[in-house]
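Two complexes come next, and they have one chain in common, chain A, joined by chain B in the first and chain C in the second.
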Partner chain A sequence: MITEKDIEVFIDGIKHYFRTSTKMDIVVDPPYLISADEITVNDYTGIIGISGERKGFVLVTAPADMLRYLVLSLGEKSATPDLVHDVVGEVANTISGNARRSFGAGFMISVPLIVQGQPSRIGAAKDTNGYVIPSRWNTFSFHLVVSLQ
Partner chain B sequence: MKMLIVDDSLIIRRKIEREINLPELTEIYTANNGQEAVEIFTTHEPELVTMDLTMPKMDGTECVKQLVSINPNTVILVISALADRATAIKAVKYGAYGFLCKPFTECEINEALTKCIAFSKELRG
Partner chain C sequence: MKNPFLSIIKGVKGSMRAIGGIFRSKYIEIILAVGLFILLDSGVLILNFYTSYQIANDAHAIQLASRMGTLSQSLLHELYQVQQDANNQDANYSESIDIFAKSYRLFDETLDAFIYGGDLIGVGQGQDALLKDTAYRDTSARVLKEAEEIWKVYRIKLKPIVYAYFNDPGREKILEATTIAIDYTRQQNDKLLELMESFATAVEGVAIRKAERLRTIQSIGIGLAVINFFLILFHFLKRLSKSDALVEKSRKETEDILENVNEGLFLLDKDYIIGSQHSKSLHAFFKDDNLAGQNFIDLLRPLVTEKTLDTVEDYTEILFSPRVNESLVSNLNPLKQVEINLATDATGFDIRHFSFQFSRVYDTKGFNNLLVTVKDISEQVKLSEQLKAANEKASKEIDMLLAIIHVENNMLTDFIRMTEDGLNNVNNILKKPAKTTDSLKNKLEMIFRIAHKLKGDSTMLGLEFVEEKFHSLEAAIVVLKEKQALTGEDFLPLVVQLNQLMSDFTIIRNLQKKMNAIDLSNMQLEPVLPVVGASLDIAADSAPETLWKSQLNALVKRVVTDYGKQAVLDMSDFDATLLSEEQIEPVRDIIVQSLRNAIAHGIETPESRENAGKPSEGNLKVKLTQNGSSLQLTIRDDGGGIDIEKIKSTALAKRLATESQLSTCQSASLLSLIFRQGFTTAQEGGLHAGRGVGMDLIKSRLGSLNGQFKVKFKAGRFTEFQFSFERERIAVQL
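Entry: the complex of A and B
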């Protein structure tokens, strides 16, 4: 069961990531609840499995154009496909890892699984719910999805 | 002074390498997991290491232990998104000198590495 306080942890995390890394603030729209089988993904998705005291996943899904712009904003001269692929996993990893400040060391995170296009499965049971945190950075829209038992 | 950057993220390895503005660091090596790090460490004997924690094959905590057992005078800066206090304390217990939380700024990485370089010089007399 995810609480409002849990959602705040991830909203703070994603705001902190973009402010620190790109010196640009993001806009977060109101989160909403969906079932895991309703999750729609964008061009690239970084998925972090959660185990230990909480179980579930955290994913960041974003359009390729946004990730290319993010790679350039991080100081790269060229947004090569391998950097675009890598950056979505790093965003998901950083937000999930930072959440341990609130959840403690029992909040275990996996290495990122990075998927291009529609993943065959997210890794959640069909009756699992998740919160979508819609966000906007620059002119781009992307989603953070948090599903925790 | 030689430094090894260990992180499974290409963009983080490149960011650290690009943003370092410290003339003392003359040779930089990179590894994308703990296993590769141990091999490069054994071959090139860097005095300084930046270490991610969550990595495939061999994680950062195990890698810190192995590097310290090979050379106890190695100065290791853990750079990780794992932001809880217990993880930082554990890394230091296993032999890391310091802890820098991701995401970090250019200023923060240079400040942290400046302290590491000073400590490394002290260790070497």
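Entry: the complex of A and C
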């Protein structure tokens, strides 16, 4: 079963992104569990598939307002939908890169899939609870969901 | 230094071997046939040269033979001219003699050459002619003989005139000689002309026959060459066609195999390049239609883990090493089951399992390729994993079954429901937003209370493995409680444990469902299971009192054993029917927590009790009686009572009160401290008490009953908790 350390890898990844990109730490609220059919997402979602010694997915989902603000705070003059899309990709990539380094050679980490709105399908295992890690950046709330067998 | 001669010898030997190889090969027939064709063609060509030479000679001979006829006539004519010039005193006869002499000599030499062979200088177009061919004289021997006989007389008769060319005998003599010569020549002239014409015709005939013969030979040569050509053409075309058909058949067979074989087949060279011929299945396996020429490692890179990729590289490198025994490494193939993660357009991967088999492909020079066989064993692996998971699940379920089978079914149902509710409550508490440390601490307290209650329930049912898990959850909460600053991330260990508990209870719930589906009443079960307190026979008598007693007896036995103490439970005055449905759970929680505290803090060890003059076995009494409209729950132990001094020292240590406050404090106020969360007089938290949450839970449960409590104790003698609450009207189902 998934361990605290596994989940911390993803939390560290997202923390690292915001710390280095925006010079502002995120606040992680208490995590909780969610069943596969209860998973809901926000305006934009970056999904990373994981395979190998562990299987499942990790997603980061955030409201469009937060992502637009994030784009502007990264120095862009305007927050176009493309830039918003890209910034979700960057966040997901950072999480993915951190996971690659931490999990080592026994894992496969997919290229992040960026979805606006509800994804058509999330490869969640039926009997596996997902870990929701509610987080805040600036005044915005967003979520990291880790679902690994 | 290398000996250059050795190299040359080696080179020559190599070439000889190569040539020998060619002649031994299937090409020998075509080489011989083409050689014969060239030979025939060369023969015809040489014959052509020879023929043209012969034709030139024959033409020359014909010309010479024809000229002899002309010369015989010229001689007579020129003799007349000499005679005429000799008769004319004014004329110079030397010139006509000169012309005559030349004709004479030409005729003489030509005839001589035709009869005996020899050179003729300055004939034809100024070229020398060599008349060696005896065919002319052989065919016209008689003619030539006759001509020679006539010519011999000619010579005699004409000689004085010819000599006059060198030594002039005088006009008279010449005239005389000319007259004699003309007489003879006139007699023989027609004969000689006829002979010469006959000879010319014969020569011509010889030339014609020769030309015909040569033409025939040439035609035969060309005919043979043409026949040879067609033989080559038809024979080898047939063979080529047959060979092509075989190649085509072979190609078709190979193609059919590669099109239809279920396995992926391909050749891999030392540079890891996939060969152009591979089975169609391979495309489906790798979802790639352009595999030929691709690097196998690059193909696998996005599909397997780095670890697997390293294994593939290492193993194939070993296989390509000629020093390594193939059969040895084949047995060690680490790629018999490789997880392949194909990318999908949705999230995640399409996970397949492939089996790779490698075998070396040898030729005369050794091996340069590996034949790779790929099988999709996803279904087998899936079945195997399902079997493994089913075995693990079954094993876990058996463990759990052994752990829960002693619990009466209704009690187990209640326990599962309450525990799952409790766990969901914990998750809901976690889910509620909390931004401040206080709200986080409050969350923690609520979770702690639930965990402690659920742990008590597990203890009561003798579900040790569940009890231990809740104890571990409590321990994690205690660690967090001690932290000054609390963050959301700190809750992660609790959530991981919560997830584990939820998963366990899903198994227990499913297990119970299965158990319910089996009619246990017809089964003869021996009570050999590790039953704690309760036994299977309780299922037969599930009256409320019996259930309460058996559950609580089990709890007491379990807790006293854990503390190395001895105690019996007296529930003779406990009337469970007085309680409403809603009151059962809080009352049970109060009793469970009170009994655990009584054993942990009240009842002394058997030695201490004996030293104090008490029976080594302690007494615990639980009473539930009606007093007017209210119910009274009494829990009494004959232990050491409450140690007020210990409460004071704990309060001081925990800075809950100052020394001066404690000195003026009434016992009742001091006792209220024990109901504070986190307050405990125990040195360290144990499985059943010591974390300061039991009394807090009792207070909370009593609150839900709108009840009150009293505490009585006497040091060294007893402690008694009295809880009173309103009796609720019990709905009676008809």
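Here, the second predicted complex is superposed on the first by the 149 of 149 C-alpha atoms of A that agree within 3 Å, B and C clash if a C-alpha of one lies under 4 Å from a C-alpha of the other, contacts with A are read in each partner's own complex, and residues count from 1 in each chain.
Going forward, a contact is a pair of C-beta atoms (placed from the backbone, for glycine too) under 8 Å apart; a residue touches a chain by one contact, two chains touch by 3 or more.
Bear in mind that the values here come from a model prediction, so they are computed numbers and not experimental data.
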Here chain A is shared; do chain B and chain C fit on it together or clash? fit
So, does A:Gly49 touch the first partner chain B, the second partner chain C, both, or neither? second
One more residue to check, A:Phe57. First (chain B), second (chain C), both or neither? second
With both structures placed on chain A, which of the two partners, chain B or chain C, ends up touching more residues of chain A? C
Applying the document's definition of touch, where does A:Gly97 land relative to chain B and chain C: first, second, both, or neither? first
Kindly classify A:Asn129 by the partners it touches after superposition: chain B alone (first), chain C alone (second), both, or neither? second
One more residue to check, A:Leu74. First (chain B), second (chain C), both or neither? first
Which holds for A:Val27: it touches chain B only (first), chain C only (second), both, or neither? second
Angle at chain A, chain B to chain C, CA centres, as a multiple of 10°? 60
Given the touch rule stated above, what does A:Ile2 touch, chain B (first), chain C (second), both, or neither? second
Contact-wise, after the overlay, does A:Gly89 reach chain B, chain C, both or neither (first, second, both, neither)? first
Please work out how little space separates the C-alpha atoms of chain B and chain C at their nearest point after superposition, in whole Å. 6
On chain A, what residues does chain B touch that chain C touches as well? 104-105, 107, 110-111
Would you mind writing out the residues of chain C in touch with chain A in their complex? 304-307, 310, 339, 341, 343, 346-349, 351, 427, 430-431, 433-435, 440, 443, 487-489, 491-493, 495-496, 498-500, 502-503, 506
Interface residues, chain A side, partner chain C - complex: 1-4, 7-8, 11, 27-33, 47-53, 55-57, 59, 104-108, 110-111, 113, 119-123, 127, 129, 131, 134
Residue numbers on chain B that touch chain A, as the complex places them: 8-12, 14-15, 18-19, 54-56, 80-84, 86-87, 90, 101-105
Under the stated contact criterion, what part of chain A meets chain B in this complex? 16-17, 20-21, 71, 74-76, 82-83, 86-87, 89-90, 93-101, 103-105, 107, 109-111
